[in-house]
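The data blocks that follow each hold one structure.
Below, subunit A partners subunit B and then partners subunit C, in two separate complexes.
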Partner chain A sequence: MRTHTRHELLKLTEAVIEDYATQEDYARLEAIVLSDPECLEFYLKHLELHGNLYWDAAGRGHSLSIPESDGMETESSPKAVFPQKDRRRAWAPRRISTIAASVLTLLAVTGIWLRISDNRLADPPVLVETDDPRLEETTSNGNDSSEDSIVEVHLPERSPSQPQDETLVNNSHQPQDQPQAEVNFTDDQAVVEFINHQLASTWNDLGIDPAPQASDEDWVRRIFVDLAGRIPTPAEVKSFLSNSSPDKRTDLVDSLLASREFSYNFASVWTNLLVGRSREREIDREELFAYLERQFGENRAWTQTVHELLTATGSAEESGPANYLLAHLNNEAVPATAITARIFLCEQLQCTQCHRHPIVSEWGQNRFWEINAFFQQTEVRNTLITDQKSGEKIRKRVLTDEISPEVEPAYYESLQGVMQVAYPRFAGEDVTPEESVSLRARFANLFASEQNPQLAVAFVNRTWQQLFGFAFTQEVDDMGPHSDVSHPELLSGLRQAFEETGYDVRRLMRWICLSDAYQLSSTASEDSNLDEPEAGGIPYFSRMYTKPFSAEQLFNSLMIAAGVPSEELTSRGDAFEKRENWLQQFFIAMDNEENSESTTFDGSITHTLMMINGDLVQQATDLNQSRVLRDIVVDPKKSETDRINELCLAALSRYPTEPELEAIRKTLRNQIRLRTSQNIPAKVAVGESLRDLYWAFLNSSEFSVNR
Partner chain B sequence: MSQQTRKDRTTHAGMTRRHFMNHLALGGASTLGAAHFLSTLEANAAQVQKNQKSCILVWLQGGAPTIDMWDLKPGSKNGGEFQPISTRGDFEICEHLPEIAKEMDSMSVVRSLSTREADHERGRYYMHTSFVPNPTVVHPTFGSVVSYELGSKRKELEIPSFVSIGGGSMSPGFLGMTHAPFVVDRRGQIQNAGMDGMDQQRLRQRLQMLGTIEDGFIRSERGDIGQAHKDVYTKAVNLMTSEQMRAFKADDEPAEVREMYGSHEFGNTLIMARRLVQTGVPFVEVQFPGGWDLHNDVFNTLRTQRLPMLDTGLAGLVRDLKQRGMLDDTCIVVMGEFGRTPRINQNVGRDHWATSWSALIGGGGLAGGRAIGETDADGLRVISESYLPGDLWATVAHALRIPLDTVHTSKRGRPMKIVNGGQPIQGLIG
Partner chain C sequence: MTTRPDASLSNPDFPGEEFIQLFTQAQRPLYLSILSQLGRIQAAEEVLQETNLIIWAKSSQFETGTNFLAWARQIAHFEVMKWRQRKSREKLMFSDEFINTVAQQVSSTSEEFAMRQRALEDCLNKLSDQDRELIELRYQPGNSGKELAEALGRPANSVYQSLGRIRKALLECVQRKVAAEVTT
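Showing the complex of A and B:
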């Protein structure tokens, strides 16, 4: 099945399930399903999945096919899971019957085909107790009380020996082991060509014309924002534009990857992912940041970093990596479990804390608690330490383990209120405690290794998303059998390459930055409607997607726009402190045990007011504080055009086009005239009007995006 | 442009606000507005108080133990330490809520919420949007729905039509950033909104310049980024220059009003909410100061901290709205993401519980004094008809006169009914 067919099929199936499919949708669905046995099986599987889901939501099938005397209603039942007269229950059967009826309708149509086909489906579906298999009647009258129209659908069991099973719902999540045996993944050039080939073959299949190459102006800004976390200075842009070497893009990627700013930038990205931006947690964010900066600076293997984050001990102030678990060990390590899975594996396990994953049936509650059990020996101790200088007692939070050969399992309640026990188990291995090694260290050995391929898959997916704005899955951190991967072979190949090069973070970024797709313009070609992930479609990476600046990128870029030397941005102490304080205005820690936070840095009015009136923009547009602005305004040798050009370059890393220049010149002159007419001296009028122009460049929608 | 400039020159000194605003249409053409705009505005504001509908949501973050507040279970092992007292309505509530008990003829309690999300983030999403989280679409929080439906029609409103005091709330989803909650802190201070250091003429010139640059960008192919940018700038500048910003200043109220609300942080935020509603803001969300995620020591915390503040603040709000004749136009909803376990845990706390819990709702013309729905003697299950967040919000939508068959379309073109097809609770609208 082609990716786009799969996507269309998924959309149509969703429309049927959610009850908004049109006649055309049904017709189209029928055509697709009948055209390809794989599609048929996909469709059936999907409906079965949703059927189960609604069934579960309705109280595990209560009163549907199970007789009225079900145990849940009896006196002895300890806890009712759902109240008796619940609309959901009435609603679920209708949905079930809708879904079941959809299956039936299609089966009726495909019945003949099924019989003559080469036994792809080992057993034809068995249908029981159905009154009326006609889809339209069942759905359109919205009759809630039709309990007797319940049907049961038994789909054939999938046996592992059937090869076609591999191509079904979970093919994309677990990349095949040796998908591209012929590619030498330790050869940089070969990996880049592999990426190019994989993307281009989809473009060919779909007839997508990729966007043209990005101009050097656009590209230099892009690579600086992505890797250094800030816009380039005018000097950096000019130097790149005037460089005529054919290798200049490669050279710039290499020099940025080796720079201090790169490690600073990614340390900041990962500090945010690991502990959030808000400073309300009792941890030392800066120590964690410093640790990550070292790891990225020395290009440590990703497995090493993850291992250290999971096993670190010590106090917040003395052990950088310990801050990760110090932040999340609260509430029986539930956040630590969920966040470890979400950040490092891009998997959403938090809902399996209380119940089986609604879509991924193999993710039971036990899976969550088996991981959680590894943290049971770990604790945060509050210790009073006497400060050497002041003699004062200081309270310190210290991460430590109570290592013991006695295992203390994790206890949890199932939805039915039954107490359950989980013992530490990961990647198919049961782990028994030892005398000298902590359970989480044993966990880290399994987790941060090739025994856990999802670690590499997740890192590749995240890195790709950081550089392209979209991941291979719709949500970067919601991978799993239920979520489609846009380019499964590419993801799998990159995973393999990442593993074979020893989890080399910089090399992975280098491959992506040197790929053809990363060189493309963000201006879409005419048939771009095929490639619009912004509107919810599959990303084909046939153009660069515009990415809004993160709060950190905006802060750094405004500093550069004010002429602050880039070295100062990566200095610690005051500069770090200033940025941290500035960020606090946009992030609020939520007062709950999931350690989440909310933000107003999202294009809201609060965000906009900061751009119109905030201190950083004021600084950048103040003649006394902004070196960039002062140099451009004060120099008497510069012409009006020079000044407009250079202000544009300083803010947007490009020169204005002719029509832009013309329009800006006109407005600028009007404003100068208005000022001089109010008896403002000409020199001041020019200076003030240029300040306003620079303000406008910084406030333009172009400034705050990376394209 | 040059003609424009000449006109400006003659009027800028005594420029009226409307005139100013017209210029802010980022480079657009302008016409002269009414000279006495501000007085028109005052007249409008008076009108606002009389018949405009609005809603105040008091959010009890963390999930409040409603079994200890609105639906007590005396005699049950789950009953806890508090005794019920009678109210002016036909039901009893907790003894530590004596003030609001006196106003219960105006408020009702829905005791049969049964919502399945007992995880903070998911519960917060579900109770705000009426939809369970779904990775393919971000549903708008109900405040954004109200902003979209009512806010856009209130032309005289210069401040955002959805204000969230004390942070939190949720995303506007596919309704777009212009309907996002405008988040202010509990003192009503809004960063970067002051006009000091910048006169209006200066701001206007800057925006004109921005308009010149944006016109180039919007015309290029990057489509709606430019339009969204323009919309949010217009809103931000509206706000910076608006007299209505006074609504955020709860301190301007006389001392006796502040006393009425208990003279505490929560009371002050409710005063701000009332001022905003008075100005025409159709949806205000207030984060209760202090979390309700009471896994430990639930009774002490309730008795000494949460309940006294909630009680005096809410009672003040209901009385004040009543005295001003605004209660019939202002819906009040008090809830969090879920209730808490009837069973008391080993830390004398209660854990998350979504199966059977309560919310307080009233005003806006809804019936007061009623207890809707019922839970069993131990509070473990609903034994009457049960309700979902969509039903609560449908009830509010009914009160705000937002038609329930309103359908919004997601970014992927998928039509979605507001409040997820919920139905108004009959006992409240009859």
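Showing the complex of A and C:
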């Protein structure tokens, strides 16, 4: 059963159980259950659970209608499902740090033993304290996080506004547009306070205690990884820690937003979103990257960037933005349609290509094809161009439009097999072709404007997710009437602020990075187990969620850990080329209708081996190549404690805790003793042991996580 | 278990002790199979009452030694169909095809039934106090999600959502436990 179906089935069954299902829900449920024995099984278990709960709790057994059986014990099992109020057994989230655990394992390999204190890091998705060893065995294996690995979901309730109300299902299906008249959205401070107020009011309603402030060490690492796409250098951490200005966080946010690394980082994030990471497609990825870097560097309005991406013409090598459509015009522009909706609107239209959306009944097939029709005049032309230097003929792919007043509609087949036509139509406007303007240019005019509020909603949702790890919707790019928004007023307010400030990308990020929630620690305060989006709950942003590094963040951070100057990372040329090549090992393009990619950058063996003995880690831990390691090892003035402190700082952007320091010191001495006993010269033994320590830091999960 | 041997001895039409025992043991599985064909608690309750009357009336037709539950389920299925006909104007109902498929499937999957029931008990204990309380309230006699929402002063949708998540968690927990038990 596919996750999508399973999810839908769950929802429909719930609707039946709680008696709010419509006739259509019944029909849909039947269709799913009858289509697949596994679905039938799942449905039966759900109903069985419901029935059992009802049977026991409602004491159903005592009201049999047959008079003769009066007073009989009707239970076959003596125990009712609800045991009496004996519920003292506490099952507080256990504080296993996955990171500590993995460090231990890895350290065992090198023979070093190190104790990382438990609560340095955020808790992993909550495991449940249990007396049953079997259950534990099946649940503690949290890494293959399939849907089955969720142990317990604590069930927060949804904030009062309920997207499920039918009144909400209007065409701009996102949060209700209540006038937020009292907030001046063009004032930065007011927006930040608005975010704080919105989040805090939910915390109050639900009695959630927000986590304490993040330490400066944690925060400085967080902001560098989020905005610059890499860990800070030891010098950057030290300078931040020693800065006593009360505005130092604001100052750092501003300086990072203005940096070259910021535009480089977000260009890289958006290149991946737009055309994927694989280089197998016939496009010029680097041109697109360069274009986006300019857009972010000059802080262009988001509408402008989107408009240009949708209207660009020219060859892959000469026109950066043209690469977006050059990558997706295959298959009658089906990928272009689906990806445009998913990336820019956070809406999953791809299934409406073939049938009405299964949950959102107003998303018919026509909606998909009406957008698709805008791309009908656009084509990729292969031309041979003579290279002026070499005289060789080069094949070029050029994006162009066949502008004509005669529109060729999009044809599609309905589920019943009837051929249908769709004419270009968007945001309630029918577009008729004109002599001089391409259809997609007309589309872009409607799409990248306030006529399409979803563009701003989607960008806010995605940016929020990039910075917090969770979006306002369960899946960042599956918005619509069917998906609940955790903070509708907040999303709507940020949308308004984003629009009113002219789609200012940096300001949006600045507001979020300066909000109270972004300052919080990723270690939850006791009892805040209501806020567990990792376990499938609604995110309340009462703490920072830990985010695993993206492949790019990991690459950049390993380079920093090896002492490569940060300026070198953003020079396109060798560094870009090296990174691109390195990434290829993890990503494979798929030529399906969504032009998607598959990845092994997910804790797979490839991923793990890369960390254990890949080139980058080798380089970072090589005494000759790693500037960081060499400086720390060679300097004769440094004490043992200085060295341990600095290695920890270089890898994890923090100093070790007292117990960690003690443990490391002990192991380090044992290591040195062991080596010297094998007749290895003392100097070499010290160097090698420190190298192993650094390797262990880099291989700890703490290193690859943004906390 | 208390029975009334006097009644059964004095009345030849009255089912014997064994029958009564089978009858009482079958109540829960019978209810569950009716519920899965109808979807709604109250409707299933009504049909169970009617089914029980028929079972009782036909008790003499039951052959000792054959599968009581299978026999009772057949009667129940028949009663479900009858109930459907009576309520034919009711729109919120499953189709014959669905009901038949479900009825058939229910009768073939019962081995792990007791295991799941035990697992559920454990899983309920693992809920947070808050969740546990909500689910207990929901299943108070006569309560429904809607009434619960009114009583709590929360929007119905929000209560539905909470209940849905708790049940989902329970389902997953039960499934895991049973899987663990089967493999060990």
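One rule holds for everything that comes next: the second predicted complex is superposed on the first by the 530 of 707 C-alpha atoms of A that agree within 3 Å, B and C clash if a C-alpha of one lies under 4 Å from a C-alpha of the other, contacts with A are read in each partner's own complex, and residues count from 1 in each chain.
Going forward, a residue touches a chain if its C-beta (ideal position, glycine included) is under 8 Å from a C-beta of that chain, and two chains touch if they have at least 3 such contacts.
The model shown is predicted, which means the values in this text are computed figures rather than measured ones.
Visitor: Under the stated touch criterion, which partner chain does A:699 make contact with: subunit B (first), subunit C (second), both, or neither?
Guide: Only subunit B is touched by A:699; subunit C is not.
Visitor: State whether A:221 touches subunit B only (first), subunit C only (second), both chains, or neither.
Guide: Neither partner.
Visitor: In the superposed arrangement, does A:657 touch subunit B (first), subunit C (second), both or neither?
Guide: Only subunit B is touched by A:657; subunit C is not.
Visitor: Once chain A of both complexes is superposed, is A:43 in touch with subunit B (first), subunit C (second), both, or neither?
Guide: The answer is second: A:43 touches subunit C but not subunit B.
Visitor: Just checking: does A:608 make contact with subunit B only, subunit C only, both, or neither of them? Give me first, second, both or neither.
Guide: It touches subunit B, and subunit C stays clear.
Visitor: Return first, second, both or neither, reflecting whether A:277 touches subunit B, subunit C, both chains, or no partner chain.
Guide: neither
Visitor: After the superposition on A, what does A:249 contact: first (subunit B), second (subunit C), both or neither?
Guide: Neither partner.
Visitor: After superposition on the shared chain, which partner residues are touched by A:536: those of subunit B (first), subunit C (second), both, or neither?
Guide: In the superposition, A:536 contacts both subunit B and subunit C.
Visitor: Same subunit A residues contacting subunit B and subunit C, which ones?
Guide: In the superposed arrangement, which is not itself an observed complex, subunit A uses residues 14, 18, 20, 57, 79, 81-83, 87, 536 for both subunit B and subunit C.
Visitor: If you look only at subunit A, which of its residues touch subunit C in the complex?
Guide: That would be residues 10-11, 14, 16-23, 26, 30, 33-34, 40-41, 43-61, 64-66, 68-69, 71-77, 79, 81-83, 87, 89, 91, 128, 130, 132, 134-135, 137-139, 148, 150-160, 162, 164-165, 484, 529, 536-537 of subunit A.
Visitor: Where on subunit A does subunit B make contact in their complex?
Guide: Residues of subunit A touching subunit B: 14-15, 18, 20, 57, 79-88, 350-351, 353-354, 474-475, 478, 483, 522-524, 535-536, 546, 585, 588, 590-594, 596, 598, 600, 602-606, 608-610, 612-614, 618, 657, 659-660, 663-664, 666-668, 670-671, 673-674, 677, 689, 692-693, 695-697, 699-702, 705, 707.
Visitor: Using the touch definition from the top, list the residues of subunit C that touch subunit A in their complex.
Guide: 1-4, 7, 14, 20, 23-25, 27-28, 31-32, 35-36, 39-41, 44-45, 49, 52-53, 56, 91-95, 97-98, 101-102, 105-106, 109, 113-114, 116-118, 120-122, 124-132, 134-136, 138-142, 144-146, 154-177, 179-181, 184
Visitor: Where on subunit B does subunit A make contact in their complex?
Guide: Touch residues, subunit B against subunit A: 1-2, 5, 8-9, 61-62, 112, 114, 116, 118-122, 135-136, 160, 167-169, 171, 177, 180, 182-183, 190-194, 197-198, 202-203, 205-206, 208-210, 212-217, 220-222, 225-226, 228-229, 232-233, 235-237, 239-240, 291, 293, 295, 355-356, 380-386, 388, 411-412, 414-415.
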